[in-house]
């Protein structure tokens, strides 16, 4: 068998955590080989080892039939490997051509030959049908074009085997389809594509062979034709679909959060929210679906007072919360579980108690006349560790000693006990293991049963399907439409996530 | 590798590891210092003995050490306050000079009853220090202007400005470039008859304990610490990062001014050009060495005070210059820096605080 | 009027060029570290130590070039220590930079006493200053008063000003220059391409030491021929201020340095008119501070520009009647 890449027995540990455990992976030349697994299954670690960014603790790597030590990306590139990272590595102030030839500049008389680089970029871009303007600066280009540049970068290095790490995470469905077509044309030209994903639809759509990783181990390598979606899910999570819709009793609570015609800008000062309207009633969970980066984070930040709105209104129990500080909004009864928990949600170096104290450091019983009662703080934290089943030795443990799932539980514990009756929850289970995910979902349902109004932002549809009473879909800063959670129409949501109004589709067809 | 693991195992608790690491760094720095002393043709042992004798030789010498410790301690506390809030106040030197001048001016220009006179002079010193940092602090929190550079540049202006006041506006008749002496009603009470050591030391100690307690036990202290170690988390939790940052710098500057007031009213009893050179920087170094802990700063300030006091004898008994102790201090900081402070900041997330 | 013409004349321009040179050299040095993403507050110390060793070296070797080489070597040693601690040991840049400044101050004073047995300063004693370069024909072509604008400076003056176009070329057209920018702007990109971030940062730090060393040598062998305690007197810090608002771009660095050079020369001139020297000496520092504050204030119009840009984009997406929807109304 003609193998482009052959990994055997790859093991990689980070401290006590084993990210890759004796992984064997054989990729045939001329195929699209998908590596699928949940977040944290070890996909990215494996590819970083193959590409020389990490060194394995055990195992061998052969590329094109040669067993070798890949101790730097340079070695991998020499062997015809190219990697398109999940987070693009382009330099904003340089032009497209400069970025493509960075590290392999064309030089004349010791100086970089700009004209030649531009010309070669143009040739390359035409040859592979990836349209770019070589002389444009990268700053301000769309993610789709940035990805194109990344792929051209790899092609310019004569890569025959291309690794793509979660390439669709930031793309719209249309851009994803274009990407898949490009990949198919590469394979037709005799190249090999390794494609990392946790998205089973697209794996089923594009790949020839699928390798499933779970907890750092290979659980299966099969041709796609021998697999069904259902089987793939079972392989990924180790059992049949975990997220059934949670049973619930219908509630008709009072309006707790009301947002009308809300506009806001992102960090680059571009409009991120465009006339957002929504209401959340007590005792219901309103889900926000959408591809990451379509304004969900900005919405959460505006509502929690971390980002100014440029126009519109938002009312919490009838009180205007725009132009209020985060502290004032908290005191009005909003609790916020941030999407970026490592930066916003905790101080990794502080103790669990100190993390729990945030936002209530002046309130009884934790403080009296501005003096903190640490005994009370530790006592409360101890009770929360018990109640939320946080795996920690005690309240004085530093947050950094906990796993991602347990850190998230600390954040949830703090916010759910903050006394707020409106919960703004952004990505509750991102990067959290399955067991903890279920526990977190249980807790969110309990909060609903207690009559809290919950706005739940998630990029995972099955999570919303399990929890939400109503689902709003966001695209490009707008609410595209609303779907009932119980009778969820996945096709309609998919169209809206891509910016297409389903009503238009039916008219057109 | 095994050795390193063993080392980690033995000192797995943060404090133990910190102490062991710092002791090692100290040893390296002292060894380097010895090499430099050899380079200038002196015996390191002789220098060390002279330093020790100069610092702790008799009661008078010990009092001299404590006298030098006082301004370093107070300046160190000023630095600690800023460091806790994630700010570098490198302008303590300037605040010290302005505070010193302000206290002297109240001391010689007004006649007030004893206790009131001291209080008035100290108050103005504190206000002067706070005002001097107010503009850099405002631009730091409002526009993100790097406070390290702005406060350093302000130092030069403060030094020149106070010299101008002293020489052109308030020059004492008789030629010296110093202000008239302050009235005895503005003197800080001395502790012993044989030394100028005054209650400034007690003020410094009380301040250290007070600031430590503030950070450990109060809601406001908690907020400052969180802004320093995780600003985005603090902002999310409802702490006004800008207000805390501004307040922290202002208080830090005020304490810097207080140091100047103590030095003027307690030691020199007048303001003169270059009246307290380097105390601001020594204080900053002492605070860094103590990793921003006010209690730790008491000990590092004492160490630097002893070096300073000892260095006075060094110039008498050997050919070495007293600036050799500055060299030793800098070496200690360099040796310790590799393992210092950074642990507090989130360099794991790749976040760089110092960027343009 | 007469006072004004006495204040502003060719001599002032010449003085500006002379005072600009050291700060330009050191700021261009700092441009390397700035572009490589390192905040180098230790420029002051590198300059000072170089100034001292340039004097020592010129006495030892009996030549100004020897002095310059030894001075630059001393700055390179400091730059190397800085790089080892900051790049390899990940120490805090501000702490290391400040400590090296303090070290330079203490070392020069101690060594001054150990070697020369004096405090304060060292003059004469066989220090060989840098020669003055007379550009042939300048005097004939331009006449004596204009000729002194371009001729008769020590060589490092020309080096400093020629370095500006060379560095623009360096950053835009050479591989190392490009890599330095990449490491500073997007280290992940460098890492992914197998460019060693550490090696590039070391290189940038040493290049910085080289120019800071030349700046120091120029101070003690070119500008004047003597060494004085703390003779760098904050120029390194002013350079850092310039670097902050120029982002290390050579042209902007030059503009900033000319401003400070002018402030420096102008304040010296004021002194001769009887203004109190202490206040006059403070002028360059005050100019640096005001520029630092004013230019961080300037960051604001950018936002307005971006806002206009957003509206423009929004309008171009929907040219029809819906255009108004994308341009939010100002909040009342």
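A, B and C are the chain letters, set down in written order, and residue numbers restart from 1 in every chain.
The criterion applied here is as follows: contacts are C-beta pairs under 8 Å (C-beta built on N, C-alpha and C of every residue); 3 or more make two chains touch, one makes a residue touch a chain.
Quantities reported herein were computed from a predicted structural model and do not represent experimental measurements.
**Student:** Which chain's C-alpha centroid is most distant from that of chain C?
**Tutor:** Most remote chain from chain C, centroid-wise, comes out as A.
**Student:** Find the two chains joined by the most C-beta pairs in contact, please.
**Tutor:** Contact tally peaks for the chain pair B-C.
**Student:** Where the centres are mean C-alpha positions, what is the separation of chain B from chain C, in Å?
**Tutor:** Distance between chain centres: 29 Å.
**Student:** Between chain A and chain C, what's the gap in Å when you average each chain's C-alpha atoms?
**Tutor:** Those two chain centres are 44 Å apart.
**Student:** When the C-alpha atoms of chain A and chain B are each averaged to a single point, how far apart are the two points in Å?
**Tutor:** 46
**Student:** List the residues on chain B that touch chain A in their complex, please.
**Tutor:** 217-220, 222-223, 226, 229-230, 232-240, 343-344, 346, 348-349
**Student:** Within the complex, which stretch of chain A touches chain B?
**Tutor:** Touching chain B from chain A are residues 304, 306, 325-328, 330, 336, 338, 342-350, 354, 357-359, 361-362, 367, 370-372, 374.
**Student:** In the complex, go through chain C and note every residue touching chain B.
**Tutor:** For chain C paired with chain B, touching residues are 34, 37, 39, 41, 81, 85, 89-96, 98-100, 102-103, 105-107, 109-114, 119, 233-234, 237-238, 240-241, 243-244, 247-248, 276, 278-279, 281-282, 285-286, 288-289, 292-293, 296-297, 299.
**Student:** Per the contact definition, I'd like the list of chain C residues that touch chain A in the complex.
**Tutor:** Touch list, chain C to chain A: 169, 172-175, 178, 181-182, 185-186, 188-189, 191-195, 303, 306-307, 309-310, 313-314, 325-326, 328-331.
**Student:** If we count contacts the way the header does, which residues on chain B are in touch with chain C in the complex?
**Tutor:** 36, 39-41, 88, 90, 135, 139, 143-146, 148-150, 152-154, 156-157, 160-161, 163-164, 167-168, 281, 284-285, 288, 319-321, 323-327, 329-331, 333-334, 337-342, 345, 347, 352, 354-356
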